[in-house]
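Data block below; observations after.
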């Protein structure tokens, strides 16, 4: 079983191969691990945003999809020009969930093309930094989508979404983070799996149910005739707790899940 | 962290019921170019992935000099460069931006100088701000190779690098690999095209059904 | 473990034989009458389902971080049992609800959380089956996330008004009901552990088969 080594017709150098020293060795400054980590995250997010800025493909298509979603649900739930109660809250979060799933799938499909995800896995980046970089990129993208879709829902359903703007923004931020935190992990791990297009929603929706529940109930509490602020705050707290738990869990499992 | 050889000891890798590599043992030392020959499905890409620490062997050991493959982590990966069949380039970014991004995530100093040097070696200085999606296969190949080499890796892994290249591009690739060898790199490339590697490699090994012949 | 199998099976069988008598003898619940007696099996299955889910979650966590095949066997066995026992819970529940409260289903927190957990483990099984090679590791992450999910949805019981009796239904059970209830719980947990070990053994043999294939092929 020993490999049979054969020389090609190359002129064999008589001298032994050079020792360890490399003439043009890569100079790397010694930085603290935290700085290195932060820099990796920053570079990855920046690259993602740069790539997206070039084509704006995911941004535009996701916005359009979210708007279509809202429209379709509007036809389903609006009767005689009056919105069904609570419909606005539900429709908003469904639109976020659906378009978020799409954006996640597309973002990682991009990394599949050219297998650049492999290049990132080979690079000396800590796996958690890779995860965070990707997560931040997705968050910024989804934030951009929500900036457009939330006012649209407020308009179409005459829902006073901004009467308690801070709480509303808090709910949106915490909810989107929870959704994206789980979604980024799942989308990344499915990159090389079969049936990944349908697998992502199949896996993601059940696990992000608490996010949707909290988001919808929290938003509905804000939209009620007498806004139930303590209720909304309670849901917001749950969302924040969810975010902490699941981002931590994702950071923890990203490495074992991505190595084969 | 550095090393002067790559050693595989009885490396086996199975995927369910399929054995991709069967007790492969080999050593590649600094300043050599090793060719891994074999038909498609013989296990070449699997071996390369294991050498890149992307894949764990099912059994057996991988040693990078005195370092064990399992314990490597980020430090080890900083000494490895890989060029896959899919080139690992961002099509939406320009040539310079691609090199710059990878230089930054490898934590290199003097990023701009390296980017310029890489572009020059690839002969793409004139096209540095052009988006990669507009490049020909040969141009992308040259850029991808510079990307893989931008951090002066000790171990350079190339998966079917000669595919789709015309003769001029092949000459350029061969020249670049020779200069990498002179700088003391361990070069391991896979190919099923014997003619391409004539007069290039120091060592050739063949994989048949996951076994070294 | 294997030596205990037959004795445990005998005990469990005996308990199941005796259980109906205990249930019949138990006092009637004041408002719901006879229908309430489905509770003994329904709630016991609920507990077994949670046990299965946690078993799968723990197996998955161990598999992700230690890569031991035994952990993966626990994970997949637990997931399958969560799916099956969950089905029993989700069928007996509405049967009871229809008679007790007049509706088949309510979107209250506990029902919802059970349904969600059931869906998560079904998704786990789908991923293992259709996800291609390496999906055992991916599914382990799903199970882990699913398990972490449970407290969140469960917690909602206390925040959200609900028709479903709150968790505290157990201490406030009439004394006469406690005996049969815990008896059934033990019976179901025994049954669960039997099924779990059976399924794990099956998985172990399947893995052995793969190894035999590999051995027969090469060398």
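Letters A, B and C mark the chains as written, and numbering starts fresh at 1 in each.
Definition applied: a contact is a pair of C-beta atoms (placed from the backbone, for glycine too) under 8 Å apart; a residue touches a chain by one contact, two chains touch by 3 or more.
Quick caveat: nothing in here was measured; it's all calculated off a predicted structure.
Peer 1: Measuring between Cα centroids, what's the chain most distant from chain B?
Peer 2: It is C whose centre lies farthest from that of chain B.
Peer 1: Determine the chain that sits nearest the middle of the structure, using the mean of its CA atoms as its centre.
Peer 2: That would be A.
Peer 1: What's the distance between the Cα centroids of chain A and chain C, rounded to whole Å?
Peer 2: 32
Peer 1: Quick one: chain B and chain C, Cα centre-to-centre, how many Å?
Peer 2: Inter-chain centre distance comes to 49 Å.
Peer 1: Find every residue in chain B that makes contact with two or more other chains and list them.
Peer 2: 211 - these are the residues of chain B that touch more than one other chain.
Peer 1: Please output the residue numbers of chain A that touch at least 2 other chains, ranges allowed.
Peer 2: In chain A, the residues touching two or more other chains are 260.
Peer 1: Which stretch or stretches of chain A touch chain B in the complex?
Peer 2: Counting only chain A, the residues touching chain B are 1-10, 12, 17-29, 31, 36, 39-40, 43-44, 47, 50-51, 54-55, 113-116, 118-126, 259-260.
Peer 1: Going by the contact rule at the top, pick out the chain C residues touching chain B in the complex.
Peer 2: Going through chain C, the ones touching chain B are 133, 210, 213-214, 217-219.
Peer 1: Can you check the complex and tell me which residues of chain A touch chain C?
Peer 2: 182, 185-186, 189-190, 192-195, 199, 202-203, 205-207, 209-210, 213, 217, 234-235, 238, 241-242, 245-246, 249, 253, 256-257, 260
Peer 1: Would you tell me which residues of chain B are touching chain A in their complex?
Peer 2: Checking each residue of chain B against chain A gives 2-4, 23, 25-26, 29-32, 35, 49, 52-56, 74-75, 77-78, 80, 82, 84-93, 97, 101-102, 104-110, 131, 151-152, 154, 183-184, 197-205, 211-213.
Peer 1: Which stretch or stretches of chain C touch chain A in the complex?
Peer 2: Contacts found on chain C: 64-65, 112, 116, 119-120, 123, 126-127, 130-132, 134-135, 137-138, 140-142, 144-146, 148-149, 152-153, 155-156, 159-160.
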